[in-house]
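By letter and in written order, the chains are A, B and C; residue numbering begins at 1 in each of them.
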Amino acid sequence: MEITIVTVAFIVFALISLGGAIGVVTCHNLFRGTIWLMVSLFGAAGFFVLLSAPFLAAVQVLVYIGAIAILFTFAVMLTRSISNLKTRFTRLNINIAAAIALFVLLVVGVIGPVFILNPDLQQPVSSVTRTTIDLGEAFARGNSFALPFELASLLLTAAMIGAIVIARESDDEV
Amino acid sequence: MDCTGLCETLFRGGLDQGIAQFISLLAGVLLVSGVPLVTVIFLIWVERKIAARIQDRLGPNRVGPFGLLQTFADLIKLLIKEDITPTAADRLLYNAAPLVAFASVVLIWGVIPYTPYHFGADLEIGVLYMVAVASLGTLAIMTAGWASNNKYALLGAFRVVALLVSYEIPMVFALLVPVMLAGSMSLLEIVHAQGGMWFGIMAPISAVLFFISAQAETGRAPFDLIEAESELVAGFNIEYSGMKFGMFFAAEFLHVFTNAILLVVFFFGGWYGPLWQEPLIAFMWLGLKASVLYFISLWIRNTVPRLRIDQVMWFNWFRLVPLSIANVLVIATVVKIMQLLNLAPRNLIGASFGEVLPLTLVLLLANIAMGLIIVGQLRTAGQTARVAAENRASVRAAIGD
Amino acid sequence: MEILNQWAFIGVFAVAAPIFPALPILIAWILRPSKPNVLKSQTYECGVETVGDTWVQFRVQYYIYGLIFLIFDVEMVLLFPWAMAYNRLDAFASIVGVIFILLLLDGLLYAWNKGVLEWK
């Protein structure tokens, strides 16, 4: 495996994603946990760039770090015990064993066969990389993804209405 | 990756190709970021001078000729101020927040095209990148408010974030229009598409919407309840002192000028002007137009009173958001009808003035129609308010003095 | 792979951008005096001592604004590719986009009517 700048970038983003994930899981402070989560998702955005999908990278940053992080923070404020989470890591050993078993399963079952079949697997940059404008066309053509596009809108509207209904119930005034 | 220019020179000189590329990229970064960083130093002086003149006073005039070195005096003052970090603050986040806030503004300059040949990066998704990076600033402010471990900072941060988040909607909807007209999210292509006609003339309501939302996004008057000194005592940056506060401060000033430049890039032709083929003159046009818009935003800031948070929110959710959505719908319909009638070119890049003229006129008509409707609504709203006030006054007079 | 060339610039820029504000702060750290005492390091509360924990009475209104912003954020993000490809498509594309926006306008009108958008 040659060390190109792409490889270096991949390693950097992998460290960011994994480091952020570890930070989320081990952090005692809920707000700090949110920040670590955003760091980890920023790493995921980096992966999207490496896979020639910059649109998804921008979506990741915009939606997760721009909107969901704020919502998480607001949700964290609604819980009382933000900073004094006691260490509730009971049954530590079995949890660690389960995590290692899952990791081994992933490597042996998923990553292993892929690499054994194609030992020189590299970044799949083909000559027919679709761009964002092709995505836009796909959204709008009748024989393409127009219907899922509309269904996505419907889903978003349903989410908004549902969230408003739930949020209003916790309000005293109806 | 191709290796040209400085990179090639270094490579031929014997450096490893990766390192040569990195050094050339770094040189590019320093050049591109030099523009905003030098500008912000000048901006602080401009802001204070203009604010002073509008308020009928002189402004800084002691330090250096016309007070030009005032910024450096402020810089030195902030550098030598003691940095009082409250013990209860969250160290890492407290220190990181001003860095991220400033970085989120500077990163926008990476995609701004200064001339047809000089820009940081021509991203395919330039507009989305810009919005995404600006949203990093929102999180930085929230972090600052939280990490200060101070009730007032947190309250201030909540209000700021609610304001920023609300006004991002009309801003991004207004940005859909240049993207639609140019057929690309790349800022370079958006400017190129304005060769025939500025988008600000084709879609003035979008320009106004973007201007108002951007004004609110930076926390400028009339939306400056963020730093309402009489209320929440400087808001989320209560606990910040010294240079860290200076960074928030500089980030805000730079953000206003960044919005002015973005307004020019999206709506007012970017670097187009007479003799634009010369890169230096093109850059000058960009700076000139941005300065005019920056002056207008300063003018508004120093003239209008401050709005309350409920008025600000009402204005956004009940007026700006529906207007921005209606604007997108109208422009989409008009553009498609014109394209189907073959009166408008499908690709505005490289279209001449004459080819774009019918589209411009029709869009302008549509915008004027919408504007008239808005003005009509404002008139009726003003009339009902005035009649109600007169009724109240007459009732009070009838009851007894 | 020309895309990567542009993004490499952004990558270097993203690393350099937090360093630019860090430099003055570092210089300040070297230059400034540091005389902390108990009174100065206390949390600011208009000169009196803080009472109670630092969490505030949280208004649900903030959360609702954030929620509606999230929905509109995702909508806008989906609209951008549609707007990019708009010029080269036919009338059906226009209708698809208009229906998309109208559905979400519907949700906004629901929120409007239920009085959720008002800042109480």
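Methods note: contacts are C-beta pairs under 8 Å (C-beta built on N, C-alpha and C of every residue); 3 or more make two chains touch, one makes a residue touch a chain.
Predicted, not measured: the structure shown is a model, and the values here were computed from it.
**Student:** What chain lies closest to the overall centre, CA atoms only?
**Tutor:** The most central chain here turns out to be C.
**Student:** If I count C-beta pairs in contact for every pair of chains, which pair wins?
**Tutor:** B-C
**Student:** Just give me the whole-number Å value for how far the CA centre of chain B lies from that of chain C.
**Tutor:** 14
**Student:** Counting only Cα atoms for the centres, state how far chain A is from chain B in Å.
**Tutor:** Spacing between the chain centres: roughly 29 Å.
**Student:** Listing for chain B: what residues touch at least two other chains?
**Tutor:** 1, 21, 123-125, 128-129, 158, 161, 165, 168, 183-185
**Student:** At which residue positions does chain C touch at least two other chains?
**Tutor:** Residues 1, 3-4, 7-8, 55-56, 58, 62, 66, 69, 73, 77, 80, 83-86, 88, 93, 97, 108 of chain C touch two or more partner chains.
**Student:** Quick check: what residues of chain A touch more than one other chain, meaning two or more?
**Tutor:** Residue numbers touching two or more other chains: 5, 54-55, 58-59, 62, 66-67, 70, 74, 132-133.
**Student:** Which positions of chain C touch chain B when the two form their complex?
**Tutor:** So the residues of chain C in touch with chain B come to 1-10, 12-14, 16-18, 20-22, 24-25, 27-29, 31-36, 40-46, 50, 54-56, 58-59, 61-62, 65-66, 69, 72-73, 76-77, 79-80, 83-88, 90-91, 93-94, 97-98, 101-102, 105, 108, 112, 117-119.
**Student:** List the residues on chain A that touch chain B in their complex, please.
**Tutor:** Touching chain B: residues 4-5, 29, 31-32, 35, 38, 54-55, 58-59, 61-62, 65-67, 69-70, 73-74, 131-133 of chain A.
**Student:** Along chain B, where are the residues that touch chain C in the complex?
**Tutor:** 1-2, 21-22, 25-26, 28-30, 32-33, 37, 75, 78-88, 95, 98-100, 102-103, 106-107, 110, 120-125, 127-129, 148-152, 154-155, 158, 161-162, 165-166, 168-169, 172-173, 176, 179-180, 183-185, 233, 238-239, 242-244, 246-247, 250-251, 309-310, 313-314, 317-318, 321-322, 325, 328-329, 332-333, 335-336, 339-340, 346-348
**Student:** Could you pull out which chain A residues touch chain C in their complex?
**Tutor:** Checking each residue of chain A against chain C gives 5-6, 9, 49-50, 52, 54-55, 58-59, 62-63, 66-68, 70-71, 74-75, 77-78, 80, 82, 125, 132-137, 139-142, 146, 149-150, 152-154, 156-157, 159-161, 163-164, 167-168, 170-171.
**Student:** What part of chain C is in contact with chain A in the complex they form?
**Tutor:** 1, 3-4, 7-8, 11, 55-56, 58, 60, 62-64, 66-71, 73-75, 77-78, 80-86, 88-89, 92-93, 96-97, 99-100, 103-104, 106-108, 110-111, 114, 116
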